[in-house]
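One chain, subunit A, appears in both complexes that follow, with subunit B as partner in the first and subunit C in the second.
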Partner chain A sequence: MDSTSAGLARSAVKAKGRRGPTNPFRMALIGLAGVIPVVIAAVLLFLVVYAWPAIRFNGIDFLLTKTWDLGNLYADPVPRHGVLAPIGATYGCLVFVAGTLASSFLALLVAVPVSLGIAVFLAEGVKRQLRTPFAIVVELLAVVPSVVYGLWGIIVLVPIAAHIIAPVLAAVFPFIPFLAQAGGSGFGLLSSSLVLALMVIPVITITVFDALTRIPKEAKEAAYALGTTKFEMVFFTMLPMIRPAVIGAVILGLGRALGETMAVLMVSGGALNYMPTTLMSPISTMASFILSQLDSAEQDESGLAVQSLAEIAIVLFVITVVVNIVARLLVRKGASR
Partner chain B sequence: MSDGTLLPRVTRAQFLKSVSLAAVGLTIPGIVGAAHAAEDVTILETGSSLLYPLFNLWVQGYSKIAPTLRITTQSTGSGTGIAQAIKGIAQIGASDAYMAGPQVKKNPTMLNIPLAISAQNIIYNLPGLNGSALNMSGPVLAGIYSGKITNWNDKAIAALNPGVALPNHAILPIHRTDGSGDTFIFTQYLSKSTPEWASSVAFGTTVSWPAVQGGIGAIGNPGMVQTAAQNPYSIAYVGVSFLAQIQAAGLGVSPLQNKAGKFVLPNPQTIVAAASGLIDSTPADQRISLIFADGEMAYPIINYEYAIVDSKQPSAALAKAIKGLLTWAIDPTGGSTGDYLSKVHFVALPDKIRMQSHARIATIAA
Partner chain C sequence: MTEAAFAPSFNRAATKPRAVAGRKLRSSIGWAFCAFSFLLVAAPLIDIILLVLVRGFSALSVQLLTQVTQGVSGGLLNAIEGTVVLSIGALLFGVPIGVGAGIYLAEFGNGRFGQIVRFMADVLTGVPSIVLGYFSYVTMVNWLGWKFSVLAASITLAIMVLPYMAKMTELVLRQIPIPMREAAYALGAGDSKVVMRVLLPVALPGILTAILLSLAISVGETAPLIYTAGWSNYLWNGQVVHQPIGYLTYVIWSFINQPFASAHALAFAAALLVMMTVLAINLAARAILRVRGA
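Let's turn to the complex of A and B:
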């Protein structure tokens, strides 16, 4: 074989190698990017291994029953379902799943229209000089610690929910049982959802606002050239153009709502053993229940109580992942349109 | 091929070398730390939120006696206090409840040392009646918290309060959502006074509360007081150290029916009366419920506030520091004077129990 052509081939291989998977920079990036899925998988694996005795003990009933009872921690645990368990212990997470999904869904129901309105207002409704101060205020809302929202919820929102919102709803919609419960304490689904909505609004607003400002001027001018009003231009040109960003923003918001712990714990009313039936019902969410129960669970020497809390964490994890995947599919569908 | 196998071998050797260097690096400060341990001891106290304010007062007072000792206090809940003391993360776990039997069996070196006596207030918010000290009993409270008694004008409540015009309004029972020693002693009172409660819900730092229409879960003693203040027609249970907040919120405090059938409010006399009947039956390991004690004047919901301490400490200096602090805390001329205890409405240990606690403290060693 011709030596020059062999040399060329070798240098070509070398050059390719530098760009290819053996390039150290590329390898480092792959390694760093790989950390995230590895960490997620490790967390899930840890949870499953840790919660395994509880998973075996609880079976499918864990997802289907609404009774959570640590049992008698002051007597010796007895073997049941192949595991040592406190007498009378039963663990069911249906109440917490319902509370989490209901409060997150209602929060989005409030937050999405409000956030879109604020974002459109910031992008199109204010003078350029005022835009930055407004945007900074919205961003500040996103960094307020959640316990502050919780405190505000207890002191301000809960009394308003009990003494103003609930009676008004009951008076206006007496025929809808879900809305028509006057009285009650104000702690519950409505207050939790409103606190969550307030925490989610800045997240969605900022993301949508960023997307709106990136829309090329030509698109807007083209819409105006066709004789649209500003309202029509926003609703029929701008918002459809950023549909994937809107859906992405809603996913981000939903993620925050599903996992929020402290603020919800403070205003949820801590429901146990019963499902929410009205807007004013007390609820418990999965994340806040784990936090509030850990202290007592640690007194269970059989370990089953803490392991069952870990099982709730697995359920929350799976729900979050499923919600994300569904939302991502929606984005893809939206983008391909 | 040979290159391929050589490379990992070299890195492995380097790796081992670096690991051993790191290990040496870690042990050197360890040795230095041990040498300084005599002067440089840190005690971490964590657990009960009821004991927390008193412990902070103690830390201030004890700093005059042992100025070099560093004490960190945390209010994390009794269950966490016990768990962290067992794991050795905290040197003193503060708890309103004694350790559960299975926990003691598994961790036989753990001590339950009473430091003081606490009590619990049953509070209520009834417009117009907060000043009239509405009587309550264990069976009536059990009825309210299990949803069998739902209205303030129920005849069971009326029977305890002859002559009081009770409102026709639904009762809002408030319970603790977080794990709590207050829930432990409250549900223990219900269990000991009401067999039906004992066989269904029983007691613990959290219990599986029956679903009650209008029932509310609140977080912490401050949350209980605030929720009761915000919600007319509510009833709640709150640690005695929050009496000032209860009075500031204008809430009513219920005299409770004791085992002798009398209605008594928590105060130093009724708390001592309840404790004194149980002094002789307190076992050597000091794990005993003081709930629903005998005696005409005995207040039915009182409890020992415990320090949960491992009798096997990692160093002699640490053991000595813990012993010094706890001995001073229960000393009637040290941390157990009225100056400290009356601020949180606690009562000092009776002499015999204090001697028992001293004996327990003396077993702490390295």
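Let's turn to the complex of A and C:
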């Protein structure tokens, strides 16, 4: 931060003896600001404490097991791995991790080129008067509630996926098993990825657009002086200059896609014990699974199922927090150059 | 375009007429891709808005706004009331804490603690809403025994809007020139007087914008509410704990999967109300910012 941002702290330096940090007003503000780190710590702490029996029961296999089976809920639970568990109960989140990663990756595959295209279009391609209305379109995309995306997905996107995209892909690429499944309901990996792409695009676009508009005029003029066309100037000069910001924006979008719940839940088809094999496979993501399974997990008297869901929440929390921290550091590095 | 007027390029071969034509063609294709990308997202946005408007308005009626839900038909009064109650509850907790945190970050937050809070606020915006919802389910709904309740749901929403409030308040306060603070101190005002009497009045439009955007987030959120607010067919009886409450986004999610026309009508009507509210709030926030900037 630069010196203009010092605020009261700078103004108050001379008066330090009279009102130092012990001033009650300042203590109150510190208390309020402290709520934010306390919440983060509390989320992690309470989830881990709550999920501890499940963490002990599942061990490291949790991340490698495909089966999610609540076991026999009508018999008395028996002790296993030092924890009372229903007979035959197995908890594994591999299917959901796979669904989350696959849908987020495919979403980025679509969203990244499109977002870069839009950002370049807004920053350099349109007249100044059109820039604001066009930017509003992108920003509105970011404020549509995710449940409305899900609604649109069910009504519009899923039929398109089932009746247009899937048959066309199957006809064009009959030799690629991943693409060649013509049947299916349309609820699945493809629809989830497309909805996610739509939700991620504004995140990436706005970040990249901001970085593009901050590039000094001299750099553009230097490129023009070499005789480039305008597009060559953008592609060979501007985009390479903001590479850290672009990477950060993409990872920021990834964080958004990994944690998205409602829209994905509504169009994903809700797979259980089933790895996605084609573009039309039904999937479950970690977030959508937590939401959809809590009801049935509560039927488990031993509580292990609900605790295992909490363990999924911890895995999701850790993944998204790490992804976001990396993204923020990259965006910041890109901005400071 | 005047590219042709520019002198020799990357190397001599690239300036031969054929090469120049090829480069121009590639540039045109590039621009076409950029414009196409924009259409690719503008079309779904327009389709979403049209779908919700058309289907929503055809389902909207007076009794929808005056009756409560009965099974999968009836009205949405309980859900509308619930969304209002939960959003106000979220602001009640989220705004004072968020604004206070923002004041701290802007005015005293250049030390290590400020850095940590700022960083944690970024982290908190990235935490999936379902994780926060599950946290509330474990702690408030279960351990504290509040059951599905207004209080648990409001606090969850408040946690979600908290980092936005803090970051935006900080941003607004940092735009106020330092001499204003120095002038106030020179008149003998203390920290609290400078903040309350000088800085906050100036920052008010910006903070109002932040409150509006937080309201939009609360109105549109679904995932963290499902296991904190529950659902209720009845109007709220004023209890903050032990009493589930309905809300509009639940209707969209849950009723669109029912095989009844009346359920679909309710879902679209709810979607219309949510979309209109969220869009109106965002446009209002934008207008406030523009008036201030002019």
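What we mean here is this: the second predicted complex is superposed on the first by the 279 of 337 C-alpha atoms of A that agree within 3 Å, B and C clash if a C-alpha of one lies under 4 Å from a C-alpha of the other, contacts with A are read in each partner's own complex, and residues count from 1 in each chain.
Everything that follows uses one rule, which is that contacts are C-beta pairs under 8 Å (C-beta built on N, C-alpha and C of every residue); 3 or more make two chains touch, one makes a residue touch a chain.
Here the structure is a predicted model, which is why all the values come from computation and not from measurement.
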Self-check item: Partner chain in contact with A:43 - subunit B first, subunit C second, else both or neither
Solution: second
Exercise. Could you tell me if A:151 is touching subunit B, subunit C, both of them or neither one (first, second, both, neither)?
Key: second
Practice problem: Could you tell me if A:184 is touching subunit B, subunit C, both of them or neither one (first, second, both, neither)? | Solution: first
Practice problem: Report the partner of subunit A that touches more of its residues: subunit B or subunit C. | Solution: C
Exercise. Considering only the touch criterion stated at the top, classify A:272 as touching first (subunit B), second (subunit C), both, or neither.
Key: first
Practice problem: Scan A:207 for contacts with subunit B and subunit C and give back first, second, both or neither. | Solution: neither
Exercise. Examine A:293 and indicate which partner it touches, taking first as subunit B and second as subunit C; both and neither are also allowed.
Key: first
Quiz item: Touching A:193 in the superposition: subunit B (first), subunit C (second), both, neither?
Solution: neither
Self-check item: First (subunit B), second (subunit C), both or neither touched by A:72
Solution: first
Self-check item: Footprint overlap on subunit A, where subunit B in one structure and subunit C in the other make contact
Solution: 154, 265-266, 294
Practice problem: Quick one: which bits of subunit B touch subunit A in the complex? Just the residue numbers, please. | Solution: 76-80, 82-83, 97, 99-103, 105-106, 170, 172, 175, 177-180, 202-211, 214-219, 223, 226-227, 230-231, 234
Exercise. Flag every residue of subunit C that touches subunit A in the complex, lowest number first.
Key: 1, 3, 6-10, 15, 23-24, 26-28, 30-31, 33-38, 40-42, 44-45, 47-48, 51-52, 96-97, 100-101, 103-110, 113-114, 116-117, 119-135, 137-139, 159, 162-163, 166, 173-174, 178, 181-182, 185, 190-192, 194-195, 216, 219-223, 226-227, 249, 252-253, 256-257, 267-268, 271, 274-275, 278-279, 282, 286
Self-check item: Of subunit A, residues touching subunit B in the complex
Solution: 67-70, 72-77, 88, 154, 158-159, 162, 183-187, 265-266, 268-274, 282, 284, 292-299, 301-302
Quiz item: If you look only at subunit A, which of its residues touch subunit C in the complex?
Solution: 1, 4-12, 15, 19, 23, 25-26, 28-37, 39-40, 42-43, 46-47, 50, 113-118, 120-122, 125, 134, 136-141, 143-152, 154-156, 198, 201, 224-232, 234-235, 252, 255-256, 258-262, 265-266, 287, 290-291, 294, 309-310, 313, 316-317, 320-321, 323-325, 327-328
